[in-house]
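So that you can tell them apart, the chains are marked A, B, C and D in the order they are listed, and the count of residues begins at 1 in each.
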Amino acid sequence: MSEYIGHLINGEIHNDDANVQTVFNPATGKPCAQVGMASPETVAQAISAAKAAYPSWRNTPPAARAQVMYRYKALLEQNQDTICELISREHGKVLSDAKGELARGIENVEFACGIPELLKGEHSRNVGRNIDAWSEFQPLGVVAGITPFNFPAMVPLWMWPSAIMCGNTFILKPSERDPASVLYIAQLAEEAGLPAGVLNVVNGGVDVVNQLINDDSVEAISFVGSTPVAEAIYQKASEKGKRCQALGGAKNHAVVMPDADLDNVTNALMGAAFGSCGQRCMAISVAVAVGDQVADALVSKLKPRIEALKVGPGSNNDNDMGPLITLDQKQKITHFVDEAVAQGADIITDGRTKVVPGYEDGFFFGGTLFDNVTPDMTIYQQEVFGPVLVVVRVNTLEQAVELINKHEYGNGTCIFTRDGEAGRYFSDQVMVGMVGINVPLPVPVSYHSFGGWKRSLFGDLHAYGPDSVRFYTRRKAITQRWPSGDVKDGTLFSFPSL
Amino acid sequence: MSEYIGHLINGEIHNDDANVQTVFNPATGKPCAQVGMASPETVAQAISAAKAAYPSWRNTPPAARAQVMYRYKALLEQNQDTICELISREHGKVLSDAKGELARGIENVEFACGIPELLKGEHSRNVGRNIDAWSEFQPLGVVAGITPFNFPAMVPLWMWPSAIMCGNTFILKPSERDPASVLYIAQLAEEAGLPAGVLNVVNGGVDVVNQLINDDSVEAISFVGSTPVAEAIYQKASEKGKRCQALGGAKNHAVVMPDADLDNVTNALMGAAFGSCGQRCMAISVAVAVGDQVADALVSKLKPRIEALKVGPGSNNDNDMGPLITLDQKQKITHFVDEAVAQGADIITDGRTKVVPGYEDGFFFGGTLFDNVTPDMTIYQQEVFGPVLVVVRVNTLEQAVELINKHEYGNGTCIFTRDGEAGRYFSDQVMVGMVGINVPLPVPVSYHSFGGWKRSLFGDLHAYGPDSVRFYTRRKAITQRWPSGDVKDGTLFSFPSL
Amino acid sequence: MSEYIGHLINGEIHNDDANVQTVFNPATGKPCAQVGMASPETVAQAISAAKAAYPSWRNTPPAARAQVMYRYKALLEQNQDTICELISREHGKVLSDAKGELARGIENVEFACGIPELLKGEHSRNVGRNIDAWSEFQPLGVVAGITPFNFPAMVPLWMWPSAIMCGNTFILKPSERDPASVLYIAQLAEEAGLPAGVLNVVNGGVDVVNQLINDDSVEAISFVGSTPVAEAIYQKASEKGKRCQALGGAKNHAVVMPDADLDNVTNALMGAAFGSCGQRCMAISVAVAVGDQVADALVSKLKPRIEALKVGPGSNNDNDMGPLITLDQKQKITHFVDEAVAQGADIITDGRTKVVPGYEDGFFFGGTLFDNVTPDMTIYQQEVFGPVLVVVRVNTLEQAVELINKHEYGNGTCIFTRDGEAGRYFSDQVMVGMVGINVPLPVPVSYHSFGGWKRSLFGDLHAYGPDSVRFYTRRKAITQRWPSGDVKDGTLFSFPSL
Amino acid sequence: MSEYIGHLINGEIHNDDANVQTVFNPATGKPCAQVGMASPETVAQAISAAKAAYPSWRNTPPAARAQVMYRYKALLEQNQDTICELISREHGKVLSDAKGELARGIENVEFACGIPELLKGEHSRNVGRNIDAWSEFQPLGVVAGITPFNFPAMVPLWMWPSAIMCGNTFILKPSERDPASVLYIAQLAEEAGLPAGVLNVVNGGVDVVNQLINDDSVEAISFVGSTPVAEAIYQKASEKGKRCQALGGAKNHAVVMPDADLDNVTNALMGAAFGSCGQRCMAISVAVAVGDQVADALVSKLKPRIEALKVGPGSNNDNDMGPLITLDQKQKITHFVDEAVAQGADIITDGRTKVVPGYEDGFFFGGTLFDNVTPDMTIYQQEVFGPVLVVVRVNTLEQAVELINKHEYGNGTCIFTRDGEAGRYFSDQVMVGMVGINVPLPVPVSYHSFGGWKRSLFGDLHAYGPDSVRFYTRRKAITQRWPSGDVKDGTLFSFPSL
C-alpha cells in the first residue's frame, strides 16, 4: 500500500500522517489509498491560511476573481478523464455516471463566472430629498463546507465556486470515503490562478467538523449529508450564532398517472432509482402508482428490466450499476430489505444475493423492487440509499399528494403525466422543494438553486444558484446624504486661495 | 382599574384573564392597563386559528391579498392619532416621535402592497431541449413574530405585512410592556378585510415565546429584542430545525471627521442619541471624534444643547424626550452611569437626578454625556438603551473603523464628512449592517432591508424589504418536460372518435 | 344640446370651444356631448404646463410621488359607477364590461404604487479597485400618450400612472369618440393630490397628434390604435429622433385541439369574440379548429349561442353586447361581411340586419359566424373590429402554428387543450406576443407587460408593467472613484487648524 | 500589394472582389490591404445564411450556446497579439491601446457567457385562481450591426456576443477603413464552435447598410458612428418598422472643481483627450474649469505635457499617440483648428504642423490645446474627433452643468472633485448618459450598459450589458390555466381500460 491523500492548505499539500484512514475501492473491496485525518493543529493551520488570504481576496474586484473561474472551467474539462477515474475508483460509480457528475459540477463553475452580475446590489436615488440608498452584498470571511461521499466532486463544486467568487475564503471537509477526486480538483483551482489560502481542503471525520463549527473565525457552514447529521450540524452551528445551511436526506416519490406512457416511465425510473446504485439524494425510491392497473403494468415492465441490470465495477462503462460505497452500507440495506419482507411487502426482484464474478469481495447489491408497500413499513419511512425501489398504490392524485406531504422528507419528487392540470396541481400542492414534471431527477440547473423542504433541508437558503450568493454574503444597507456646503454655487471656491 | 388588553385570535378579542400583568404609564409611573398573559390553551388556540386560516389564504391570489393592504394603509393613516396616543401612553415617547414610528411602519405596508411584483420567480425556457425550469416562492405556513417594547407599532409592521402578503398566517407576541397600540392596529387589519385567523396576537412573556418556538406547527420565528434573548431564541428555534431571524442589540458609533460641519453634527447627534430617550436599536450611543480638536469642539457644542433638552411626558409635543420604559430600566441606566464615573470617564452632563415637576413618579432620566471614554469601560462595551452618549477619541479614520469593527455589535453606524473618499472607505470597510453617510439613523427605507452584522443579528436574511420576502417563503424549483405524444403532428387526433 | 368636454391643462379645465366635435351615444345614435378640439395654442399651453411642472416633480422622491397613486386607487374605486356610466354612454359597452375595463385600469395604478421598488438601479462595488458603478433610471421629461376609443379609461391608465411615477409629466390625447370618462379620471388624479401640470389632457384629432410629435419638448410617444396609424406615428416620432412605442391592430387566433372540452371552448369564445362587440385588440376573431370533427362540433355549439346573444344598450346589464362605436364602423363591418360571403365563406349566423327595438338608430350589429374561411379571404386577412368570428380548419397543430405565424399581426393568441406538450409547443413556437393556454383573452396582468409582435407593435418595449418603467426612463450609468487624499490615515486632519 | 479582405458568410470566407477599396496604414499613409465591397448578391447570401442558421440556433439551449462563448474568450486571449497588430496597422492606435480595446471587448464576451442567468423571465403563480403567468425573452431572428473605425474590434464585441447568445443570428458590417481585425475575430468565433451562418461579416459602404436596413428579414439594427448617420439610420430603420439603437457623436466635458488635485486631473485629461488620438466617442474634448484660478493652473500644467507627447507609429509602444485614421480626417481637423483661431480662441499648443520623422506621409496630428473657448465657437459645438482639447471657463458648478446640458450631445462626462456633494449634484443633474466621478472615461463595465442621452443615442435601450439582452429579444407574455377535467380526483382514471 499505497497512495497517501493529504490536505491542501495555503496552496500546498500538507501531509499530516499521524492519523490515517483507509480508503477502499468498493468494487474490489480492497484498500486503494490512505487518507490523512487532520489533527487539530492542521485544521487550525487551514483556518489561519483562509483568514490570512481573506483581506486581499475580498478586495479583489469580482471581475478579476472571475478570471480564475474561466480558467478553472477549462482545466476541469481538460482533466475530466483523470477526475472521473478517481471518482469511480473510490466511489464505485460507473465512469459515464462520474462524467455526468462532473458535468453538473462544472455548470456551477460557469454560474460562478457570472459573479459581477450576481453581486449587484440595489440602488435607489432620492429615498428622501437628496438622499440615496443602496445595498451591497459583501463576503462573510472564512466559510466552510462539509460534503458527502455520493458526489465527491459535484457537491464541493456546489459550494466553493460561489462562496469564493463572493469574496470569501473556503475550507472544505470532504467525505473521508472518497477524498481523492476533490483534492485533485482543488489543486486544479490553484493551477487556474487561485491565490494560496483561498481554497483549503482538510480531510478527516467528525472531530474536524466540530472544530470548524466551533472556531469563531469560521462564519458559515454549508453541509450536505444525511438528515440526522444535517440537523445536528444546524443545531451546533446555530448555537454558535452562525449561519448554516444543512441539506439532509430524502425519500423521493414519483407519481405515475394513468395517462403516462409506461415505457417512458419505466426508462425514467430505471435510471432514477438504480443509477449510482441509488446513492443519490435525488434518487427515486418510491413509485406511487395511481390505480391498480397502473401499478400492475408498471411492476410487470420494471421486473425484467431490473433483472437485466448489468452490475459490476464502475471502471467498465458497459455496466449500469456499480457497488455500494461500503460493506457497512451493504449490510444496512440488506437489513432494510429483510425487514420489508418481514413486514409484508411483496418482493419482486431481490438484490441481496448479487455476486459479481471476479469481484466477489466488492460491495455489490442487486436492483430490488417491492410492490404493495405501505406507509407504515420501515422501508417506506426511511432513506435506504441503495438500489431499492418500492411501489405504493393509491387511487387518486390527491391521495398521492397527501402521501408525499405526510413524509418527513421533502427533497425531490416527480409526476409522470401528459395532462397540464395534473402537472400544475401536483407542482403547486406538493410540499417538496424540487419538483419534476416528467423529469425523474429534477436537480435544478446551476442557475436555479437546489434545496428540499421539511427535514431535507435546515436553513432558509438553498444550495448553489442565486440562493448561494445570498447565503455567502452579508447585506449592507447604505444611506447617504451629502451635506450642503454650497459647493455647487461657488461659495466654496475661495478656499484654494487660502 | 381599568382597561383590559386581551388577545386577537381568529378575528375576535379573546379575554384570557386568569393571569394578568400591569401596564404602566411611564410618565406618571402609574398603572394604565392590565394585559392578559396567555395560557398555554390560549396560545394553542391562536396556533389552531392560524393553521385553519392558512390553506384558503395561501390559495388566494397575491393580487387579491394585496387589496387588504391598500385598505389597511388608509385605515392606519385615518387612525394615526389614536394609535400614537396609545403608543405614547404606554411607551412614553413624545407624540411626534410616535408619529414618526407609525409613518415608518406604514411604509412597510406600502412595500407589502407590491407583493405581486415581489413574489415573481425566475423562468428559464430550454434549460435543456424542450425542458423548462422555474422557481416559485411559496409561503411557509404559520409563522410567528416576537417584538420589543421600543417600537410597539413599527416593529410588528416590519414583520406581518410581508409575512401575510407572502401567503402565511401569523401569530404576534408583542411586548407586554406596551401592548395596546399593536392590538389596535391588528384589529384595523381585520377591518381592512383580512380573513379571521390570518393575523393573531397573543400577549404574554417567555412562556408564550417558548410555546411558539416549540410548537411544530410554527414554521419560522422573527424576533427583535436584546442580543442575549435573540441568541437564545435563535438557538432554540434552530434546535427545533426552524428558520429564524433574530435581531439583537447595538452600540452604534458616529464618526465625526475634521471636515464635518459641527453644527450639523450636533443637531444630528442630539436627535440620534436622545430621541425616544435613546431606546432605539439604531440610536447613536458613541461619538467617535477624529482628532482632539474635533472632540473638544463637539463636546462644547453638545453640552449646552443637552442641558437644554426638554424632558417631560410624551403627551406634550413640546418635549424633546419622554421617560424610560420602566423603573427597572431607570435603575439599570443609573448604575451604568455610576460605573462609568467610577471607571474614569469624564461626565459632562449628568441625567441621573432629573426630576420632572408634576411627574415625580415618572421614569425620567436626563440627557447624559461622557467624554474620554475608552473601549475598556463598561459603558462603552454594553448597550445602555438610554439617553447616554459617550465620546471616544481617535486620531484617524482607520482607527475609528478598527474601533467599530472590534465591537461585538454591528447594527448601525454613521460617518460625518464632506469627503467622498472618507465616505466610501468607511462604508466599504466597516463591519456594520447599516451605514449612514451623514445620515445619523440609517434605518433603511422599507424597500431595502434592515439588519445588523456580528452579534446584532442571528440568521441569514434581514428584516423587512426584499429579504423578508425570501425569509417568509420557501423556494420551489420546478423542472418540466412534456413527453412527446406526437400531439403536435396530429396523430393524437383520432382519439375523440373513440 | 348639451354637455361640453374640455381639456385639462395645468390643473384646470380649459374650455377651448372655437372648434368642437359631436360625441354620440352609439346606443341611440344621438349626440350626447360636444368635445373641444384643441387649437395649436391650447396644445402649446399643455406642453408648457407639463414642462413647467417637470423639474419639481422629477425631484420629488418616488416614495412621495407614490402617495398620490394610493389615494388615486381609492378615488377610482369610490367613483367607479360614475366612470362606468360615462364609458358606457359614449362607447356603448355594457356596464359590467365597463367595470371590467376599469378594474384592469386600476391594476395599473396598483403597479405604479410600487415605483420605489421598480426604479431601483443596479449597484456594483469594485468594478475596479476602489471604483464603484451603478445605474439610475431617470425620467425623460414631458411625454405624451395617444389612446383609442375602445378602452377609453383603461388604455390611458396603462400609460400615465407608470409614466408619472417615473417622474415624467404627461399629456394625453384620448379618442375624440368617447372623451368624457378619461377627463373625469384625470380630474380624480388632481383630487388625489397630483400637482397641477403633471397630467394634462388635450382633446382633438390628427392635428393635435402631429403637434405633440413635432414639438421638441415632448420626449416620447406612447400610442395604441390601428396598425396604419401606429406605423405612421412610429415613423414620424422616430424621424424626430424620439423614442416611441406604437401598438397597432390584431387578428387573434384561438386554436381548438381535439382534446379540448368544447363546452368550455364555446363559453370562452362567446366572451372573447363578442364581448365589447368585438372591439378589443385582444378579441378572438379566428377560431382555428384542428380537424373537421372539432370544427363541425364547434360550429354547431356556437350557432345557437350566437343567435341567443342579447344585443342592446350597454346601460342594461342584462345585455351581452352593446352597439358599435359609430355608424361608419357599422357600415365598414357590413362591407367586410358582404365581401366574405362573396368570396365563398359559409355564413352561419348573420348580424347585418340586427335591429334593437326602441333603439332603431343605434349602431348595433349582431353576432356573426363564418365557417370554412380560408387565408386568402379579406375577412381573414384584415382586422374587422366587430362581432365577427371566423372558423378556419386545419389538420394539425403544426399547421395551426404556421397559419398564425404567417399572419401580419401577432398580438394575442390562445390554445384550448388539456395536453401539456401541446401547450408548450404552441407557446414556444407561435410568433405572437401574448399567448393564452386555455385563457382566451391573455391580457397580461399589470405586473407583466402588454405587447404584440410583428405588425401589432412598433418599438422595443411593451406597454405597462416592467417594460413601461424602462420606456419612461433613461438609463444613466455612473462610475465613481474617489481620489486618495490620504483622508483615511489622518494627514488631512491638519486643515481645520488653518 | 497585397492582402485581400473578404467576407465571412455561412462559415466561409467569401471573396467578392468585383469591387474593392483600399485600406491604408495611417502611420505610413500607404495602402496595406484591399477590402471587398459586397455586391447586393453577396449581402443577400449573408442574409440567407443567417436566416437558414436561425431555427436551429434559436432552439439550442442557452447554456449550450454559452459553451461557444467560453471557448471564444480563451481564443481571443490566446490570439491577442495578432488581433492587436491588425488593429494598430489599420487604425493607427498604439499597440498598448489596442490591447486595452480588446480587453474591453473580451469583457463583453464574459458578460455573454452568463446568458442563462440573463435570459430569465418572470414567473407568477396565481395571477388569478389557478392561473399562472410568465414572460419569456425570445430571440428576434436575423439582426445586423454596423460599426465604426475607431474601435474596430471592441464595438463589434459590444453587439454580437449578446445578440447571438440571445439566440439570434447576426450580420456585421464593419468599417471599411480597418476591416481586418474584426474579420479575424469573427473567424475565431467559428473556431470556438459557432455554427456556420450564425455570425456573418460583410464589408462595404452605405449600399450595404441600406440593403441590410431594407431587407425584411433583418429584424433589428444596432449602429455606432457619427450622429448624422446614426440619426439617418434610426429614421430609415424605423420607417421600415424595425427596432433600432443608433449611437452617435459626443462632446464630452470634464468639470474641474477647485478642490480637485490638479496633478491627478492633468494625468487623467492627457489620457482622456489624446489617447487614441482623440478618436473615441468617450474622449474628453472640453475641460470646464470652475474658476479662473483652476483654469490658469490647469492650462499651465497641461501645456508642457502636451508638448512632450510622443507621437509616432502605433507599432511602437513607446509612443503616446498614433496617427489619425485618414488624410481627410487630418484636413478636417486642421480646418477646425484654423477656424477656432479665427474665432478668437487662445491656442496654447498647436498640433497642425506635426511631422513624424520617417513617417512623413503618415496622418499625424499633434496634441492641441485651446484656452478661453466659448460656447458660440465651432470648435466647442462640433465633435472634432481628434487630439484637440479646449478649456471653457465658468464660475460655478451650476454653470458647468447648465453648459453641458445645453450641448446637443450627452454621451459622457466627468467631474473632478473630492467633495461628495459636488459629485452627487453633478451626477444627478447632468443630462448625460455616462457620468464619471473622478473617472475621466466612464465607459461602463460590460455588465452595466453603454449609452448617451440627447443626440448621442437614438432609441430606448443602450448598448451591451442588460439593455442589450432586452434589445435583442422580444418579450412573450404567457398566461396559463389548465381546465379542470377532474384529473386530480381520479374520475379520469377509467380511461386506460378502454
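The criterion applied here is as follows: a contact is a pair of C-beta atoms (placed from the backbone, for glycine too) under 8 Å apart; a residue touches a chain by one contact, two chains touch by 3 or more.
No experiment lies behind these values; they were computed from the predicted model shown.
Asks: When B-C is set beside B-D, which has more C-beta pairs in contact?
Replies: The greater number of contacts lies at B-C.
Asks: So which of A-C, C-D or A-D is the twin of A-B, meaning more than half of its contact pairs are the same residue numbers?
Replies: Matching pair: C-D.
Asks: Which integer distance in Å separates the CA centroid of subunit B from that of subunit C?
Replies: Chain centroid spacing, subunit B to subunit C, equals 43 Å.
Asks: Can you work out the whole-Å distance between the CA centroids of subunit B and subunit D?
Replies: The mean C-alpha positions of subunit B and subunit D differ by 48 Å.
Asks: Got the subunit D residues that touch at least 2 other chains?
Replies: 63, 116, 120, 122, 124-125, 127, 134-136, 417-421, 423, 437-438, 445, 447, 480, 482-483, 485
Asks: Provide the residue numbers of subunit D that touch subunit A in the complex, in ascending order.
Replies: Its residues touching subunit A are 63, 66, 70, 73-74, 107, 110-111, 113-114, 116-118, 120, 125, 130, 132, 257-259, 290-291, 293-294, 395-398, 417, 419-425, 428, 445, 447, 480, 482-485, 487-490, 492-493, 495-497.
Asks: Using the touch definition from the top, list the residues of subunit D that touch subunit B in their complex.
Replies: It is residues 59-63, 116, 119-129, 134-136, 138, 417-421, 423, 437-438, 498 of subunit D that touch subunit B.
Asks: In their complex, what parts of subunit A are in touch with subunit B?
Replies: Residues 122, 124, 127, 131, 133-136, 231, 234-235, 237-239, 241, 243-244, 260-261, 264, 416, 418, 423, 427, 432-439, 442-445, 447-451, 453, 455, 458-462, 466-467, 470-471, 474-483, 485, 487.
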